[in-house]
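Think of it as A, B, C and D in the order they're written, each chain with its own count starting at 1.
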Amino acid sequence: MLHNPVLPQPFTLSEAYQRVRSWTEQLCASLETEDYVVQPTADVSPPKWHLGHTTWFWEHFILTPHAPGYRIFHDDFSFVFNSYYESVGRRVLRTQRGNLSRPTVAEVYRYRAYVDEAMNRFLADRSASAELENLIELGLNHEQQHQELLITDIKYILGHNPLFPAIDMPVNEQLVDLPISAIEIPEGIYSVGFQPEAGGFCFDNELGSHRVYLKETTLDGPLVTNADYLEFIEAGGYRQFQHWLSDGWAWVKANGIDAPLYWHQIDNQWHTYTFSGLKPVDLTVPVCHVSYYEADAYARWRGRRLPTEAEWETAALLPTKNRLPWGLRWEWTGSAYLPYPGFKTAEGAVGEYNGKFMSSQMVLRGGSIATPEGHSRPTYRNFFQPDKRWQFTGIRLAAL
Amino acid sequence: MLHNPVLPQPFTLSEAYQRVRSWTEQLCASLETEDYVVQPTADVSPPKWHLGHTTWFWEHFILTPHAPGYRIFHDDFSFVFNSYYESVGRRVLRTQRGNLSRPTVAEVYRYRAYVDEAMNRFLADRSASAELENLIELGLNHEQQHQELLITDIKYILGHNPLFPAIDMPVNEQLVDLPISAIEIPEGIYSVGFQPEAGGFCFDNELGSHRVYLKETTLDGPLVTNADYLEFIEAGGYRQFQHWLSDGWAWVKANGIDAPLYWHQIDNQWHTYTFSGLKPVDLTVPVCHVSYYEADAYARWRGRRLPTEAEWETAALLPTKNRLPWGLRWEWTGSAYLPYPGFKTAEGAVGEYNGKFMSSQMVLRGGSIATPEGHSRPTYRNFFQPDKRWQFTGIRLAAL
Amino acid sequence: MLHNPVLPQPFTLSEAYQRVRSWTEQLCASLETEDYVVQPTADVSPPKWHLGHTTWFWEHFILTPHAPGYRIFHDDFSFVFNSYYESVGRRVLRTQRGNLSRPTVAEVYRYRAYVDEAMNRFLADRSASAELENLIELGLNHEQQHQELLITDIKYILGHNPLFPAIDMPVNEQLVDLPISAIEIPEGIYSVGFQPEAGGFCFDNELGSHRVYLKETTLDGPLVTNADYLEFIEAGGYRQFQHWLSDGWAWVKANGIDAPLYWHQIDNQWHTYTFSGLKPVDLTVPVCHVSYYEADAYARWRGRRLPTEAEWETAALLPTKNRLPWGLRWEWTGSAYLPYPGFKTAEGAVGEYNGKFMSSQMVLRGGSIATPEGHSRPTYRNFFQPDKRWQFTGIRLAAL
Amino acid sequence: MLHNPVLPQPFTLSEAYQRVRSWTEQLCASLETEDYVVQPTADVSPPKWHLGHTTWFWEHFILTPHAPGYRIFHDDFSFVFNSYYESVGRRVLRTQRGNLSRPTVAEVYRYRAYVDEAMNRFLADRSASAELENLIELGLNHEQQHQELLITDIKYILGHNPLFPAIDMPVNEQLVDLPISAIEIPEGIYSVGFQPEAGGFCFDNELGSHRVYLKETTLDGPLVTNADYLEFIEAGGYRQFQHWLSDGWAWVKANGIDAPLYWHQIDNQWHTYTFSGLKPVDLTVPVCHVSYYEADAYARWRGRRLPTEAEWETAALLPTKNRLPWGLRWEWTGSAYLPYPGFKTAEGAVGEYNGKFMSSQMVLRGGSIATPEGHSRPTYRNFFQPDKRWQFTGIRLAAL
C-alpha cells in the first residue's frame, strides 16, 4: 500500500498506474488521427510521440530489467521513442519527430496496451522493493509531466492551424484568480527545498533543503490579469526597448512579437485561441502564454519585479491564512535554474533527469490549469528558457 | 468528344476527368492516415495537400468562375490549398504544409467528392467552349503532374522513416532498360519545340517551335545502370573534387553525400529503399535518384557528357528504327531551363505556370516509371534545381 | 617578340609583364592602408588579397617550377593567397580573408617587389617555350581579371562605408552611350566561339567554335539608361511580382531591394555612390550595378527580352557599319553559363580555371569601364550568379 | 582633489584622465595599422573601434552637454562609434564594425587628440560638480573596461591569424598562482554587494548590498592549472557527455571543441598562442580561455563545483590571513547574472549600462592579468554568456 502524494488519496501502485495511464489517453480522446502526428515547432512533440515515449519509459526502465520473460514490443521503438538525440543502434537517420508517419497512432495504442498489460501483471504479482517503488513513482510523475506537455502541445498544434479547430479538453481556461490581499513575508532565515523526512515524492532538483536569508517583502495576491497586461500593450510596451532585457528586445524584434502567444487582433479586437476556438480575450482571467522576457518587461514597466523562487516557496508555505494560493499559471520567478547546494546528479540514465538543463533557463513555480491534480507542490521547480511561452505561464508581481 | 492526347484513347472530357481523378486516389489506396500528413523536407508536400490542391484547382479555375450557382466547399481551403506563399485573405499565419493536422484526410476526401460531383454535373450539362476545354485539359495535366509528385513524395516520406515501411504502389522499380545500340544524330538543322498544328496538349514552356543547328553526335542506347554507377562510387568518385562542379562539390561536402538518395550501406552491401522496403541494390536497373551534380560528375569521370535538350528531343523524334526509347527515368540534360525564342508568359494566374522558374534549374527530358501514362511526350520539358534527386531521375550519356 | 592581344600594341613579354603589374598597383595608388584589409561581403576580397594572390600566381606557376634556384618568399603565403578553400598544409584555421590583418600591406608590396624582380630576371634571361609563353599570357590575363575585381571590390568597400569616401580611380563613371540605331541580325547560321587560327589569347571557355542557327532579330543600339530604369522603379516594378522570376522575387523580398546597388534615396532624390562620393543619379548614363534578376524583370516589364550570348557575339562581329559597340557595361545575356560543344577541362590546377563554375550562373558579354583596355573581345564569356551586381553590369534589350 | 579608487594613488581628475587615456594608447603601441581594422568574430571589436568608442563616450556624455562652445569632431562618428545597434540618424546601413576601413586609424588618433585637448581644458578650468565627477569616474572605468577588451580582442585577432604574429603587450601570461591553502568560510550571514558608505567607485550592478546566508564551505587556494586541466582532456573529458550541461554538450559538438581556446596540438604536443607567438603549453600556469561550460564540466568531473558569487565575495573579504587572493583569471562562478535585491536601472542612456544584460549570462569574479590595475575589487561583477572564452577566464573549485 503506497501513500502516493501524486494522487489525492491513498492508492495501490497498481491503481495509481492505471489511473495515470488512463488519464493520458483521456486527454487525447477528442483528437483526430492527424492531430497526433504533426510537430509545428521544435519545442512541441507530436501527441503520438508522448504516448509512445511514456510507454517506452515503463518498458525500458521497469519491464525489461525487472519483469522476467518480458519481450519488447518492437525493436525499433526504443530508437523512435527515447528522448535522446544521440545516435542509437545500427542506422542513424536525421529525422525529426514530426516527420514520422509510422508507427501509426493505432500501433502506438497497441504498444500502450501491450505494455499496460505487462505492467498490470507485474504490479499485481509482486510487492516491489523500495527502490523499484521509487522508480515506478518516478515513472508516474514522468508521465504526468508529459500529460501537461500533451495539453500544451495539442494547443500549439491546433492554435497554429488556420482553421482554429475546437476540441474537448479537460482544462478550464476561464478560471479567474481569487481577489485576496498581498502576501507579506517577514524578514528571516527560511528553509528552501524539499524535506524528505516529511515523506512523499519529489524530483532530484528539489532536494538539498537549505537555508536562505530573506528581507521583508510582499507578493501580490492575485496574478496579473489580461486587463492589466492590455494596459502594457496599449501603452506601447512592445515598442519601447527601455523595458526589455537586451536578449528580450532582440527576441521581440526578430519575431515581430506584439502580444502573448495565441493573441490575434481582428477588427481592432484582441482574440485568443482557446480549446473552444478563437474567442475575444477575457479581461478577467490571468494573462497566459507569456515568456520570461515579457513577464520581466511588464514588471519593470510597472516599477515592480518578479519574486525569487525562495520568496515564492516561502510565501506558499506560510501559515495558512497568509499563504499564497497557486495553480492557475506557472509563475515566472526572477531566479535562474541552478543546482541547490550539494546537488549531485544521480547515477545512470535516470540521473540525467534534471541536472543537465541547469543553464540559461529560469525557474517557474506553482502549477497551471494543465498540471495534473496532485502533481505539483510548493517546492516544485519547473524551468524553461526565457523565450518560451507555449506553457500556461503567467505573472505575479513583488514589491521592488 | 475530345481527342485527348493525355490519355491513350479518345475519351470525352467527362470520362477523362473521372479517370484522372480516380487514378490520383488509387495512388493513395494503401496509405495510412498518418502518411498523408507529414512533410519531412520542404520539397515534399504531404499527400493530403496534393489531394486538396488539385481539387482546389478545379474549384477555383473552373467551378467558381464558370458553374452558375456553385458554392465553394470551405472558405479557408483556398488559403490552405493554393500553392502560392504570398499572403491571402484576412489572417496570415506562418505555417508550413506539414504542420497542419486539419483539415483531416477524411475532410479532404469529402472536398474531392463534393468538387467531383459538381464537375461531373458541369461536364455532363454543357459542351464547353474551346477556351474552357483547354483549361480543363490543363487541369488534367496539372493533376497528372501531382500524381507523379504524390509517388515521389510518398517514397520520400516512407524512405526516411526508420521503419522503412513497404506499401503497394503501381510503380515498377525493377524495370530494366532495353539493350539497344547507340542513337546517331546526323548533322543538320532541326526543329525543336511543340508544333501546335499537329494537335494535342502541351505546356506553355514547350511552345515556340524553333530551329537549332546540331553537330553530328551519338547518344547511348541504354541508361547508366546501378552497376555502372557503382564503379564511380568504388573508384572514389564522391571523394575527388576534380569531377565535380564547384557548387556540386560544396553540396557533396555540406551534406555528406556518398551515394544516390535512398542508398544505405549495411554490412558492406549497398541497399536501397523501394516501395517493397529496404532491398539490396539491383545492379541491372538504371541508376535512380541522382542529382544533376551527380549526373554531371559521373559523365565527366567517364570522359563523356550529358546530351543537350535539343539533341535529346531530336533523338526521340528520329525515324522509328533509330529512335531513342525513353520513359524509365527523367534524364538530366546539359541544358539550363530557359525560355524558347518568343516565349511569353500567358495572362492571369494560370500564366504563372512555368515561366517564373526559368533560372538556376536544369532541363530533364523523357519521363519515368512514376509518370502517368500518356502524360509526357518528346517535347516535354521537366526541370529541377541541380541538387534535387527525389524524382525518379537517371543518366544517359552522349559522346563528348 | 609577342604580338599580345591583351595590350594595344606589340610588346615583349617582359614589357607586357611590367605594364600589367604596374597597372595593378596604380589602381591602389590612392587607397589608405585600412582600405586594403576589409571584406564587407563574401564576394568581395580585400585589395591586399588581390595583390598577394596575383603575385602568388607568378610564384607558384612560373617561378617555382621554371626558374632554377628561385626561393619562395614566405612559406605560409601559399596558404594565405591561393584561392582554393580546400585545406592546404599543416594547420587549418577557419579564417576568412577579411579577418587577416597580417601579412601587412607593406609586406604584400615587398612580396610583389620580390616576385617582380625574379620575374623580370627570368623573362630577360631566356626566350620562353611556347607553352611557357601561353602560361605567362594566362597569368597576365588573370591579373587583368583581378584588376577589374580590385576596382569593383574597392567600390564596394568604400560604397558601404557610412562616410562614403571619394578616391582617385581611373574609371569614368560618367561615360554616356552612343545614340546609334538598332543592330539587325539577319537569319542564318553563325559561328560562335573563339577561332584559334586567327591568333591571340582566349580563355578555355571560349574555345570550341561551333555553329548556331539564329532567327532574324534586332538588338537595341544604346544600353538602358538610368532615366529608362527609373521609369521601372517609379511604375512600382520592385513591388509587382509578375515581372520577376520566382528566385528573383524571393531575392527582392529577402533583401528589401528597391533600386540598383549603391542607390540611396535622400530627400526624395536618388543618389548613387561613385568614386567621387555620393552624387545625384545621372539620368543620361547607362544603368549600372543591376543583377540578372533586375535586368530580366526590367526587360519583361518593357515587353522585351535580353539577347542570347550567340546573338550578342554575332552582333559584335557583324560588318563594321552595323556592328554592336560595347565596353561601358557588362551586359547580362539570357544565356546560362554552360560548356560549348566539345569543352574539356584542361589537365592540372590551371585546368580548374573556368569549367567548374558552369552551373547556376548567367553569361555576361562585352566589358565595362572597369575592364582593362585590350582585355576583352567579342567572344569573351564573363559569368556571375543571377543575384550579383557589384560589377559594372548593365542592360541591353532585344526584340521579343 | 579626487580620492580615486580606480588608480593606486590619489590623483586629480585631470591626472587620472590623462593616465587612463594614455594607457589605452600604450596598449596599441606595437600594432600594425592593419591590426586595428579587422573583426574576426562578432564578440571582438576592431581596436580602432575601441579607440573611437571610448573617445565618443567623453565627447557625447561630457563635452557636448557640459563644455560650452565644444564642437563635435565629425558628424558621422557618433553613428560609427556608439555601441547601440538601433538605427541612428538619417541613413541606416547594415554595416559591421569589421567592414569599415574609414575612418582611418590616423583619423581616430586625431579624434582622440582633439577630444583629449578639449577634456584637458575642461578639467583644468573648472571644479566639477559631484554629479559630473561621478560621470567622469564612470567614463574612466568604462575606458578601463575597453582596455581589457582591447587586450583580449587583439589576442583573438592575432591568435586566429595563420602567421601567429608576436607583439609587445604588457600582460604577463606566464604568471603562476600562489601555493596557498584552502580558504574556509564559516557558516553565517554575510553582507554581499558594494557598500557606498565606504567610498569609492562601483558599477550599478554592485549596488544593493544585502544579506546572504552561507553554509560552511571551502574554496581551493590556487586556481586550476594547465596540468590539472590536461588530465581532464586526456581522460576523454571532451568526449563524454555525462560531464556536460546539455547546452554545453551541444556547444562542444557543434564547434568541435577539444581544448581551451588558442590550444593547438602539433606533433602530439599541445601549444597555445600567446603574445609571444605559438608556444608549448606551460603546465604550471592557471588554465586560461575556458568557457563556463568547460569550467562546469571540469568541476563535475572532479566531483567538485564552482563557488557561488556570494561565497567568492565573502572569501575575498575574509580577515587578511585567510583571505582569497585573486587577479590572475576571471573566475567563473556558479551564479547566474541577476539583479541584486532592489536593483533599479538608472535613468537615461547611462542607465542602460549593465541591467539589460541580466539574462542567460554567468557571473565571473576577481580580475585577470589583462585587467587594469586598480580597476577591479571584491564586489565587482563581470558577466559573460556561458560559451564565451576569449577573456582571460579560469577555474577555482569549491567543496561540493
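Going forward, a residue touches a chain if its C-beta (ideal position, glycine included) is under 8 Å from a C-beta of that chain, and two chains touch if they have at least 3 such contacts.
Here is each chain with its UniProt name: A, B, C, D = Ergothioneine biosynthesis protein EgtB.
As the structure is a computational prediction, the values presented were derived from the model and not from experiment.
Asker: Out of curiosity, which chains are bumping into both chain C and chain D?
Answerer: Under the touch definition, chain C and chain D have no mutual neighbours whatsoever.
Asker: Which listed pair, B-C, A-D or A-B, shares over half of the residue-numbered contact pairs seen at C-D?
Answerer: From the options B-C, A-D or A-B, the copy of C-D is A-B.
Asker: Measuring between mean CA coordinates, which chain is farthest from chain C?
Answerer: A
Asker: Pick out whichever of the two, B-C or A-B, is joined by more C-beta pairs in contact.
Answerer: A-B
Asker: Taking the mean of the CA coordinates per chain, how far is chain A from chain C in Å?
Answerer: Their C-alpha centroids are separated by 59 Å.
Asker: Report, in whole Å, the distance between the mean C-alpha point of chain B and the mean C-alpha point of chain C.
Answerer: It comes to 38 Å between the two C-alpha centres.
Asker: Calculate how many whole Å lie between the centre of chain A and the centre of chain B, each centre taken as the average of the chain's C-alpha atoms.
Answerer: 46
Asker: Of all the residues in chain B, which ones touch at least 2 other chains?
Answerer: Within chain B, no residue touches at least two other chains.
Asker: Considering the complex alone, what residue numbers of chain A touch chain B?
Answerer: Counting only chain A, the residues touching chain B are 32-40, 76, 79-80, 90-91, 93, 95-96, 98-105, 157-158, 160-163, 165, 264, 266.
Asker: Where on chain A does chain D make contact in their complex?
Answerer: 86, 189, 210-213, 215, 241, 244-249, 292-293, 296, 300, 305, 334-336, 338-339, 341-342, 344-345, 356-360, 362, 386, 400
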